[in-house]
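One chain, subunit A, links the two complexes that follow: it is found with subunit B in the first and with subunit C in the second.
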Partner chain A sequence: MTLFLEIRKQRRTGFFPAFVLGGAAGAAIPVANMAFRSRIYTDRLTAAGAESPLKILVDANWQMMVMVNLLLVVSGACILYHTEFADNAFRKLCTLPEREWKSFLGKWLLLAAVSFLMTAMEGAALEFCRGYWFTGRAAADGAEYMEAVFGAGAFPHMDLVRSMMYGWLMMLPAVTVSLLISSVCRNMWISLGIGVVCFAFASMAPADSGVPALFPYTLAFRIPQGEAAGMAAEMTTAAAATAETAVFLAAGILAGKIRRRMA
Partner chain B sequence: MSINVWGLFRIEWRKLRRSGITAVYFLATLILWIPSVLNADLNFTMQDVGILPEDNFLIQGYMGYAWFLFPACLVVSTVLLTQLERGNGGLRRMLSLPVSPVRLCAAKFLVLLALTAVLTLMSFAAWAAGAAAAGRIYGYDFMRPLSDTFCLVCRIWLAGIPMAACFWLLAAAVRTPVFAVGIGLISIIPSVLLINTRICVFYPAAYPFYVVANEYTKLAEHFSVSPIRMGQWLPPAAAITCTALAAACGLFGREERR
Partner chain C sequence: MYAANMAGTAGRPESVPERAPAYMIETRGLSRSYGSFQAVAGLDLHVPKGVVYGFLGPNGAGKSTTMKMLLGLTAPSGGEFTVDGMRYPRDRMRILRRVGSFIEAPSFYGNLTGAENLDIIRRILGLPRQAAEEALEAVGLGPYRNRLARKYSLGMKQRLGLAGALIARPPVLILDEPTNGLDPVGIHEIRGLIRSLPARYDCTVLVSSHLLSEIELMADMVGILNHGRLLFEGTMDELRRAAMMRGLPVDNLEDTFLAMIENDDASRTGAAGSGRRGSGSGEASVAAKERPGDRS
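== the complex of A and B ==
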C-alpha cells in the first residue's frame, strides 16, 4: 500500500525516467565496448586458459556499470526524501494516522525495485552481447546461430541470472545506507555530498578482503563470478550484504522513530 | 539604483554561512588523502613508471581528485546553490526584487567558482598535511616544493571552470534535480576514457583530469598522454564556457518568473 503511495509521490520528479535512462546507459556500456573493441575480448576466448564469455564480459564492463547504478541510486535516494523535506511535507506526514517507518520501508522497496529494473536491463544487454559476439560468431550455420543466441536449453541462462541477482544483492547495502543518509539529512546537498564522497572512496580504494571490503559502497563493486568456482566466496559476501541491509534498514526505521520523538 | 554583480556575490556568499557545505568538502578531502597516507609505501614500488615517490604520492591523490571528487563536489555545489532558496519560495522573492536575473545568475556562478576555490585550497592544505604525516610514518620525505604543487592545484581549478559552467547550465535548465544531478555525475565517468582521444578538448568534464595526467607525463619517464596545445584547447573551451553561461543566465529562474 505504502509502496503505491510512494510511487505516486515520485510521479512528477523525473525519478522513473531517470532510472530507465540510467539503466539504458548502463546497458549501452557492454554493447558499445563490444562494438568498438570486440577483437580484444573475442581473442581472449581462444587464448590459453580461456575464460567463459560471461566472465570476460563481466570483468570488462561490470565496474563501469556499477558506477552508473550507484550514482543513480545515490541521487535517487536524495530525491525520494527531498520531495518530503523541500516543502515541509514530512510534517504533514507526521500528523497522518500512519506509522512513519512504513514510509521509509516503502521508499526502500521502491529504490530496491528500480535498481532491480536497472540490473535487469543491464543483464539483458550482457546476454545480448554474449549471444551476438561470442557464441553466435563461433556458430557455423544459421540454426546453430539461433540456438547459440537464444540458448539450447533454458532461456535466459541460469549463470547470467545468478550473476545479476548477485550484483543486485551487492547493491542493496548501498541502497539502504543512501536512503538512511537522505532520511536523516534535511538538506539535499548534504546527503548527496556524503553519498558522492562514499562512492569516491569505494571506487578509488577497492578492497577484496578484510573490514574495508565490507563498506556498503565497496560491496557494490564486487564482480559477480557467474561460475561454480567462485560460489563459496559469493555466498559469504551475499550473506554479509544481506546482514548489512537488514542492519541499516533497522537503523532507518529507528531514525524515523527518534526524529518523531524529538519533534 | 541596482546592485552590481559584486554586491550580489557578497549577498549570495553570506547566504551559504549555515549550509554546512564546508563539512562535505572537509569529508571529501579526508577521504581523498587518508588512504594515500596509509598506503604511502606503495609509492616506493613505482620504478617501472620512473617516478619519484613524492611525485607519485601527489599525482595519485590528485588523479582521484580531478577525475571524480572535484567534478562531483561541483555537482553537489550546484544543488546547494539552486535548492538553498527554493525551500520557502526564496528565489521567487529574490526575483521579485529590482534585481536583474542575469546578474543574479552570474553572481551565483561566481559563488560556485569561489566554493570550488575553497575546495581546492582545502585539498592543497590536506596534501601538505598528508605528505608530512606520511613522511613521519614511513621515514621518507614526501614533501615537494609548495609553489609547484600550488601551481598544479590552481591549474586544475582553472581547467574546471568550463565544466562548472556546464554543470551550472544543467542545474539552471533542468527543473528536476534528479536529472540534473544524475546527468552531471554520470558524465564524469567517461572522462577517464576520453583523455587520450581527440574528443577530449570538447569534453569539459575531462579537462581537470587531463591537467593531472599531463603533469604525470612530465614527472614520469614511462607514462604519457597525447599532448594538447593551448591553441587547440582554448577556443573550444572558451566557446563552451561562454555558451553554457549565456544559456544558463537566459534560463535562470524561468519557472519563478512565469
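== the complex of A and C ==
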C-alpha cells in the first residue's frame, strides 16, 4: 500500500520517464561501445588467458554504466522528496495517522525497484551484446571458440543474472544514503549538490581496496566478476553493502522521529 | 451550556471516563519555547463538544504553534493536552485519526490534481472512494477536480486544504486561518461551511484567525491569545460583559479585541494607563486569563 501510494505521488514528476530513459542510456553504452570498437573486445576472446564475453563486456562498460545509474539514483532521490517538500505536502502527511518511516520505506522500495529496472535493462543490453557480437563471432569463426572458453553448452545466463544482481546490490547503499540526504534537506539543490559531490568522490576513489572502497557510492563501482574466481571477494563486498544499506535505512527511519522531536 | 462547562473546568475530576470527555480539546499548562522566546506560555484551553471555537490573536500570538502542538507537528516544551479524551503523546496516532486539520498555508502535491491529492489522503485514512468526491463538492471544487493543484488559485488551494481536513468527517477539526487568500465570496462560503459543520458532521471546530469580525460571525466561543497567553475564554456575550466590566469599548467587538491586546501589551511593557485606547479604567487589562467560571 505504501509503495502504491509512493508510485501515485510520482505522477507527472518525470521520475519514471527519467529512470526508463536513464536505463536506456545505460543500456546504450555497451551497445555503442561494441558497435564502434567490437574488434578490440572480440579479439580478447582469442587472446592468451581468454576471458568470458560477459567479463569482457562488464570490464569495458560497467564504470560508465554505474555513473549513469548513480546520477539517476541521486536525482531520483531528490525528486522523491522534492515532491513532498515543494508544496508542503509532507506537512499534511505528518497530520495524518501514518508513520513517517513508512513513507521513507516506501520511497526506498520505489527507488530500489527502479534501480533494479535500470540494472535489468543494462543486463539485457549486455546479453544482447554478448549474443550479437560474441556468439555471432563464434558462429563465424567456428563453435570451437565458445567451447574452448566456456566448455560445452556455454550460455552463461545465470552468470549474467548473478552479475546484475550483484551490481544492483552494490548500488543499494548509494540508493539509501541519497534518500536519507534528500529526506533531511528540504532544499532539493542541497541534497542534489551533496549527492553529486559524493558521486564525484566515488568515481575517483579506489573501488577495490581500503576504507574508501566501503564508501556507499564507491561500492557501486565494484565490477561484478561474473566468474567463480571472484566469488569470495564478491560475497564480502555484498555483505558490506547489505550492512550499509541496513544501517542507512535505520538512520532514515530514525531521522523522521528526530525531526518530529525537534520540530 | 458553555458557561456550565467552564465553571467546572478547573476542578474536573481525574475520574472522568475517557469515552465521555468534558471537552473535545483540553490543554493544561501547554507551553512551547524557542530558546528564550516563549511562543506559548501555560495555555489552558477548553473546547467543548459540538462548538465552533474561535481562536483569536494577533500575528505571532502563538495560535499556529498551539495548533501544531495539538497535531503533534511541534513538541510541547511543557504541559499536556487531550483531544477527545485521548492524551498526547501516548495516543498520538489515535488523535490524528480523529482530527482533520488545515495548518497555515495549504499543503498539497502540486503535480497531482485536486482529486488525486484527496485520493492520497483517502487511501491513507482507508476511506471509501466517494469520500474524496464529497469533500471536493463540499468546498466547491467539484468542477475543478481534474485540474493540477499547482494551477489552482490561492483560494482554490485553501479549499483543497479544507477538503483534505473534511474528507474523513472527523469529530475534531483544527483550522488555522482557513479563509486566508479567499475573495469575499469565498470567505462567505467557507465561513458558512465552517458554521454548518457541527450540525452537518457532528464535529467540534477549532478555528483560528486574527480578525474578530470574522470569528464573531462563525464562532460560538472565543479564546483570545496574546504573546502565548490566553487573555480570555468564553462566549461572545461573556466577552462583551467582561469588557464592559473592565471599561473597554464594547460597541464593536473588533475594538474590544484591540483594546484587550493593547492593554496586555502595555501591561507587559509597564506602560499601562498611558492614555492608550481602551485603558480608561486604569486597570491593567483582562490580561490574566479570564473565564466566566472564574467570575462566577
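Please note the rule applied: the second predicted complex is superposed on the first by the 245 of 263 C-alpha atoms of A that agree within 3 Å, B and C clash if a C-alpha of one lies under 4 Å from a C-alpha of the other, contacts with A are read in each partner's own complex, and residues count from 1 in each chain.
Basically, a residue touches a chain if its C-beta (ideal position, glycine included) is under 8 Å from a C-beta of that chain, and two chains touch if they have at least 3 such contacts.
Predicted, not measured: the structure shown is a model, and the values here were computed from it.
A.B. asks: After the overlay on subunit A, what do you see for subunit B versus subunit C, clash or fit?
C.D. replies: fit
A.B. asks: Touching A:M64 in the superposition: subunit B (first), subunit C (second), both, neither?
C.D. replies: So A:M64 only meets subunit B here.
A.B. asks: Using the touch definition from the top, say if A:C78 reaches subunit B (first), subunit C (second), both or neither.
C.D. replies: Touch partner of A:C78: subunit B, not subunit C.
A.B. asks: On subunit A, which partner's contacts cover more residues, subunit B's or subunit C's?
C.D. replies: When the residues of subunit A touched by each partner are counted, B comes out ahead.
A.B. asks: Examine A:F201 and indicate which partner it touches, taking first as subunit B and second as subunit C; both and neither are also allowed.
C.D. replies: first
A.B. asks: Between subunit B (first) and subunit C (second), which does A:N187 come into contact with in this model arrangement: first, second, both, or neither?
C.D. replies: The answer is first: A:N187 touches subunit B but not subunit C.
A.B. asks: Using the superposed model, give me the angle at subunit A's CA centre between the CA centres of subunit B and subunit C, as a multiple of 10 °.
C.D. replies: 80
A.B. asks: Is A:T13 touching the first partner subunit B, the second partner subunit C, both, or neither of them?
C.D. replies: Once the two structures are laid over each other on A, A:T13 reaches both partners.
A.B. asks: Where does A:R91 make contact in the superposed view: on subunit B (first), on subunit C (second), on both, or on neither?
C.D. replies: A:R91: touches subunit C, not subunit B.
A.B. asks: Quick one: is A:I223 in contact with subunit B, with subunit C, with both, or with neither? Answer first, second, both or neither.
C.D. replies: In the superposition, A:I223 contacts neither subunit B nor subunit C.
A.B. asks: Quick check on the superposed pair: does A:R260 touch subunit B, subunit C, both, or neither? Answer first, second, both or neither.
C.D. replies: So A:R260 only meets subunit C here.
A.B. asks: Minimum Cα separation, subunit B versus subunit C, post-superposition (Å)?
C.D. replies: Minimum over all C-alpha pairs: 9 Å.
A.B. asks: Identify the residues of subunit A that lie in both the subunit B contact region and the subunit C contact region.
C.D. replies: Looking at subunit A, the two contact sets intersect at 13, 86-87.
A.B. asks: Note which residues of subunit A are touching subunit C in the complex, please.
C.D. replies: Interface residues on the subunit A side: 1, 4-5, 8-9, 11-13, 83, 86-99, 260-263.
A.B. asks: Using the touch definition up top, name the residues of subunit B that touch subunit A in the complex.
C.D. replies: 19-21, 23-24, 27-28, 31-32, 35, 64, 68-69, 72-73, 75-77, 79-80, 83-84, 86-87, 176-179, 181-182, 185-186, 189
A.B. asks: Sort out for me which residues of subunit C touch subunit A in the complex.
C.D. replies: Within the complex, subunit C touches subunit A at residues 68, 71-75, 93-94, 96-97, 99, 101, 103, 105-112, 116-117, 119-121, 123-125, 148-150, 161, 164.
A.B. asks: Over in the complex, which subunit A residues touch subunit B? Could you list them?
C.D. replies: Per the touch definition, subunit A meets subunit B at residues 13-15, 17-18, 21-22, 25, 64, 67-68, 71-72, 74-76, 78-79, 82, 86-87, 187-190, 192-194, 196-201, 203-205.
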